[in-house]
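Please see the structure below; I have some questions.
Naming follows writing order (A, B, C, D, E and F), and every chain is counted from residue 1.
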Amino acid sequence: MKNVVVRNVKRTDAEMVKRLGALGVATVHEAHGRSGLMKPYLRPVWAGGEAAGTAVTVLTHPGDNWMIHVAVEQCQPGDILVVGCSADNTDGMFGDLLATSLMARGVKGLVIDAGVRDAKSLREMGFPVWSRAISAKGTVKAALGSVNVPVVCAGVNVIPGDVVIADDDGVVVVGRKDAADVAAKGEKRHADEDGKRRQLASGALGLDMYNMREALAKAGLVYLDQPEGD
Amino acid sequence: MKNVVVRNVKRTDAEMVKRLGALGVATVHEAHGRSGLMKPYLRPVWAGGEAAGTAVTVLTHPGDNWMIHVAVEQCQPGDILVVGCSADNTDGMFGDLLATSLMARGVKGLVIDAGVRDAKSLREMGFPVWSRAISAKGTVKAALGSVNVPVVCAGVNVIPGDVVIADDDGVVVVGRKDAADVAAKGEKRHADEDGKRRQLASGALGLDMYNMREALAKAGLVYLDQPEGD
Amino acid sequence: MKNVVVRNVKRTDAEMVKRLGALGVATVHEAHGRSGLMKPYLRPVWAGGEAAGTAVTVLTHPGDNWMIHVAVEQCQPGDILVVGCSADNTDGMFGDLLATSLMARGVKGLVIDAGVRDAKSLREMGFPVWSRAISAKGTVKAALGSVNVPVVCAGVNVIPGDVVIADDDGVVVVGRKDAADVAAKGEKRHADEDGKRRQLASGALGLDMYNMREALAKAGLVYLDQPEGD
Amino acid sequence: MKNVVVRNVKRTDAEMVKRLGALGVATVHEAHGRSGLMKPYLRPVWAGGEAAGTAVTVLTHPGDNWMIHVAVEQCQPGDILVVGCSADNTDGMFGDLLATSLMARGVKGLVIDAGVRDAKSLREMGFPVWSRAISAKGTVKAALGSVNVPVVCAGVNVIPGDVVIADDDGVVVVGRKDAADVAAKGEKRHADEDGKRRQLASGALGLDMYNMREALAKAGLVYLDQPEGD
Amino acid sequence: MKNVVVRNVKRTDAEMVKRLGALGVATVHEAHGRSGLMKPYLRPVWAGGEAAGTAVTVLTHPGDNWMIHVAVEQCQPGDILVVGCSADNTDGMFGDLLATSLMARGVKGLVIDAGVRDAKSLREMGFPVWSRAISAKGTVKAALGSVNVPVVCAGVNVIPGDVVIADDDGVVVVGRKDAADVAAKGEKRHADEDGKRRQLASGALGLDMYNMREALAKAGLVYLDQPEGD
Amino acid sequence: MKNVVVRNVKRTDAEMVKRLGALGVATVHEAHGRSGLMKPYLRPVWAGGEAAGTAVTVLTHPGDNWMIHVAVEQCQPGDILVVGCSADNTDGMFGDLLATSLMARGVKGLVIDAGVRDAKSLREMGFPVWSRAISAKGTVKAALGSVNVPVVCAGVNVIPGDVVIADDDGVVVVGRKDAADVAAKGEKRHADEDGKRRQLASGALGLDMYNMREALAKAGLVYLDQPEGD
C-alpha cells in the first residue's frame, strides 16, 4: 500500500451534516439500518460534548503521530478528524497543541482509535474528542501512513467525506450518498419518538404500544404466579 | 429452561430497603459478610446517582431487548430492574423511552449486564443506571428469555424480590431473608465508623486503633532503617 | 524476599517536587526522555485532581490491604502513597477512613494498582486517587508484604523517595537523582510551548513550524488529488 | 453470609451423568434450552480432555486457596470440583499435589474461575482442568469461604450435586431435577444430527433442510447480482 | 443499509491465491506494505492449520448465525468464508454441521469475528478456522444481515473476492487488484530471506547485514561498560 | 533517560542457573518468597518448552524492534533475551530470522512483553518463546531504546544478569545475589513435595497433613448436613 495524501476530497453537503447532527448518534444509527456505529470502547474525553462533521481520515502506526501533523493541512471548516491505527495502541497521539491547530482551521472534533493527552485542556478548550484511552505517553514521528484514504476506525470503514456524528452515546458514520435518506428516516423516527415518550410517561406499556403480546404468546412465553410458601 | 414471566413476586419490605439504602454499598457489602457484590465492570452511567429497591429480574440474550419490554409491566413502585444476559454483550438494550416508562411506574433504577444508550438523557432525567457499557447499538426483539426467575448479573445470582443497593461504589444484592440481619449489622458498623473517622482525623493510627502491631510482629514483619549512602 | 518496613527513606527535595508538579504529567514525561509513565489503565477516581509528592511504596497481595495500614505510619507531609500488588486485583483496598488518616498526616494523594471504594467521599474530601478500579469489595488483613522497598506499580518500578506527579493524563515517576535535570528540561519545554500555541492558534501549520515537509518527501509521501467522478 | 461446609449433598444419579457426558457440551447446552453454559474465558488447560460429574462447590477469595483443601474431603468418586472466587483472580490456586489428592478420591476434573499451575504435570497425569488462567502465582491459606453452597462460577449459579459436563467447547451445568429431561432431548438431538450431517456432506443446503427461504424472503432479504464493470 | 445477498462476485484468480498462500501470512503482510492484517485476537482453533482462498463475506449480528446459513449457498471451491459481526460477540455461531456443508462445497476455511463450537470435531475434520473465541453458546436465526458486501472483520475491511491467507500467525487480506504485485514482492522477499537465514545461522549479525550501526550512532545510541563493583 | 547499550554485564553463575532451571517456575517462585513472577498474560508460543538463563534486557517502543537487533550482539551462550516495551503492544517484533541469530549465539530463549511471529517456525526450530501475543504485524526500526538497563517486563523489574526461568506455568526472575538462597530453599521444597505426593496419592488429606483443622475451627468454619427434603 502506498503512502499518500489525497487532496480535494468530496465532502458531504454541510446542510445534510447539520440535519444528521441534530438527530444524535442513537437515532442516526437506527435510521441507518443499525449500521455504521463505532465500537463502544471509543469514549468521549469529556461528557456532554457533541460533534457533527465530514471525515478527514488518517492512518497511523502504534506510537507514531506523524501523519496527524500531515492531516491538519487537509482539514477545512466543518471537518472531523478520524484517526485509525494499524494496531491496537493507547499512546497519547494528540494533545492541546494539535487541538489548537485544528480549532484554528474550524475543525469540529477528533475521533481517534488510540490515546490522547492534555485531557483537562481539551475539556477547557471545549474541543470534543472521542478516544480509546487517555495517556500522556509521547509518540515519535518516524513512520509514514496516509491521509484521506479509507480507514478502519473502531470497527467502521470510514471514507473521506463521510458524515461523522458523535456524542455521549458514541460515534456513527454515514456515507455521503446515504446521508439524505438517513436524515429523512431519522427525522421521521425522531418525530415519532416524541409521541411515544408522552404515552409512556402517562403509563402506557410498550407491550401494548408496539403490539407485542401476540408475538410473545406465539413464541411460547408463559405467564405464571409464584407458588405459595416462603 | 422454559421461558416464563413470574407475577406476584414476594418483595422485601420497603422499610428494610430504606434502611439498607441509607447505608450505602460498601457498608452493606461488609455487613453481608462481604458477599453479594456485583463485579466492578458495572459502572454508573452518571456519577452521584444512588438507588435502593427490590429486584425485578430479566434474562435477555445478546443483541435482543425484547424481554425488557415484557418486564416493565411487572414492575411496581420501589423496584429496581436487574437485567442479566446469556453472553457478554455491550449493545444498547435500554434508552430514554424505556426509562420514561419505568419512571412512570415508580421504578428506582436499572442494573444491566449489557449496554445502554441515551446516556445524556438518562443523566438529565435523573434516572440512575449501572451498566457494562454505553453504546448506541440497536437491538432486535426476537428471542424469548424470562422475567422474575433467578438471574446471574455481573457475577451475582439475583432472586426476584431481593434488595438491590447501588451507588458510585457499585451494586450489592441482599436476600429477602437476610435483609434485617444485614441492616442491623450495617447500622452498627456505620455508627462505629464515625468514631474511627474522628480518631483518624486527629492523627491516631489504624495500627494502634485496630491493635495490629502484635499480629504483624508475630507474622514476621521486620522494621529497618535505610542504609547510609547515596 | 523478606517482608520489611524501611524507615528513614531519602526523599526528593520538596522544592524540586513543586517545580515538577507545576509542569504536569505530559510535560514531565517528555522531559524525562519519555520514560516513567504508568500504564493508562490507572485513572483518576475524580476528574480534575492533581498531586505531586514523594513516594512511600507498598507491596500488597490480592484481596489484602494489611500493608497499607502499616504504610500510613511511614508517611510524612508531602508524600504520595504508591501501592503495587503481586497480582492483578480490583478489590477496594482503600476507602474514606484510610484517606482521612493520610490527610491527617499531610499526604498528597494515592496511586494504587488495585481498587478503591467510597468514591463519592474521596471526591467530597478532595483527596486525589489514581486507581485501576472502583470496587466496594472488602479485603482481609492476613498476608505480609513490604513498605518502602522498590515496587512495580502499573508498569513502573518505583523507588521510595522518587517524585510522583499525577493529573488527568495519568501518573509519571521521576527518580530522585534525575529530578533537577527533568525539571530544567520540562520548564524549557513548557516555555517553548506557549509560543507554539500562539502560532498554531493564528493558523500556522505544524508541518512548517517543525520543518517536516522535507523529511516526509524523503520518506516517500506522495500528494495526489482525488480522481474525478462520483 | 456464614462460612459453612455442607456434607451429605444430594448428587445427581450416576447413570444420568453418564448419559449427559456422552452428549458433549454443545448438545447438552442446546437440549437445556441454551442455558447453563459458563463463560468462554474458561478454557481447558490441555486440549482433548473431557469430564462429566456431580458438582462439589467451593467459594474462595482472591489469592487464597484454603477452602479448596477443605473441599477435597467432601469429594466422592464421580464428582467434579467447581471453584468460584469472590473477585476476578488469576492466581495459581491449584496444582499437581491437589490433583493427586482429587484423583485418589475418584474425582473426574476441576472447573475453577481462577488460575492453576503445574500445567505440564496436569496434562501428563491426565487430570482435566478448565480454568481462567495458568499462573505459577502462589496463594495463602487465610480467609474462610464455604463448601457445597450455591456458587457463581464463570457466570453460572452452580448448586452442589448439579451435573457438570466439560470438554473443548467449555463447561455446561444441568440441575439435578432437569437432568433426565435434558438427557432425553439431547439424545434425540444427537440422533437427528447424524442424518443432517450425511445430507450436508452430500451437498444439501441448510437453507433447504431447515426451510429458511420463505422466512428470509418475508424478512426482506434481497438477492442481486454484482454490477458489471471492474 | 439494505439486507442483500450479492451473487456472481468477481474472485481473484486461483493461481494468484496459490502463489500468495505459499508465502504465508507474515511475508504477504510485509509485501503488502504492512497492511491488511486482522487483529491478533483472531486465533486458529487448532495449531498448524493453513488456508488460502477468495473471500465470501457475511455480516451477522450478536447471537445470530442466520446469515451464515445463507452464505453457504454462495460459496464455491477455493473460497474462504469471512464473517464479521455488528458488535463484539463470542457466541458459537459455527460448528461441525456448517463445516461439513462448507467442505462439501470445497471451501478452504473460515475466518470469523465471533465464536465457534465443536472445536474437537473441527480439528479432527481438518477444517481450519480462525475465531475470536471457542464457545458452545447457541445462536438464533432471527436478524437479517448481508452476504458478499464489504465487511469489517477483526479490523480489516474485506471486499468479496479478496484473497485471504491464514496460518498460525493470523489472517491477512489482499485486494484483488493488488494480488499480483504483492505476490511478486513477497516472492522476492522470500528468496532474500533464505540467504539471510544462512548468514545469521553462521553467526553474522543483523547489525552488520542491515548496516544499522551508522544510523544508531547518528540517532545517539551510546555504548558503555558496566561500572566496577558488586 | 539516555539511550545506552551496557556491555560486560555481570551474569549469575551458570551452575546456579542450572539448579534453578531444574526446579521449574512454580517451585522457584515459592522458594523466592512468592516474588519475581511475571504476569500470566505472557504465554509460551508452544507448549512444553522450558528455558533457564541469564537476562540480557531490552527496552523497546510500540511497533519498533530496532533495539532487539542491537541486543543480539550483547548475547552470550546461556542468556535469555528479555524484552520490555514502553507501552502495551502486540506487534510481531520477533520472528524466525532473529531466532536463528540468537540460536547461533547459544541463547536459550526469548521473553517478550509484546508479540512475535513465525510461530510455526519457532516451534519447529525448538526455540522457546514466551510472549503477550502472536501477530504477523511488522515493525519499524526508528526509535532508540536501551540494552542491558533495568527493564519492567510483564510486571517484574528485570536487572541484566538476573536468572530467568520459564516453562508452561510462566516466567519467574531471581536476582543474582538471591540465586543461591532460592536454589537451596527450592531444592528442599522439591524434596518435601515427593513425600507429600505419595501420601496424597494413597488417600491422605491435606487437611490432616498440613494440620489445618484446628485453624479452620478457630476461624469459625462450621460443618453441617444438608437438610432433609427434596
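Everything below uses one rule, namely that a residue touches a chain if its C-beta (ideal position, glycine included) is under 8 Å from a C-beta of that chain, and two chains touch if they have at least 3 such contacts.
All figures in this text were calculated on a predicted structure; none of them were measured in a lab.
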item	value
Shared interface partners, meaning chains that touch chain E and chain F	A, D
Chain pair, A-C or A-F, that carries the greater number of C-beta contacts	A-C
Interface numbering overlap (same over half, different under half) for chain C and chain F	same
Chain B-chain F separation of Cα centroids, rounded to whole Å	39
Whole-Å gap between the CA centroids of chain D and chain E	30
For chain B, residues contacting two or more additional chains	2-3, 34, 37, 86-88, 90, 135, 137
Interchain contacts, given as pairs of chains that touch	A-B, A-C, A-E, A-F, B-C, B-D, B-E, C-D, C-F, D-E, D-F, E-F
Interfacial residue positions of chain A with respect to chain E in the complex	1-3, 32-37, 39, 86-88, 150, 152, 155-157, 178
Chain C-facing residues of chain D, complex	61-64, 86-91, 135, 137, 140, 142-143
Contact footprint of chain B on chain A as seen in their complex	25-26, 29-30, 34, 37, 40, 43, 47-48, 167-170, 172, 193, 196-197, 200-207, 210, 212, 216, 219-226
Chain F - residues contacting chain E, complex	2-10, 66, 69-70, 72-73, 90, 92, 95-98, 100-101, 103-105, 115, 117-120, 133-138, 141, 144, 148, 160
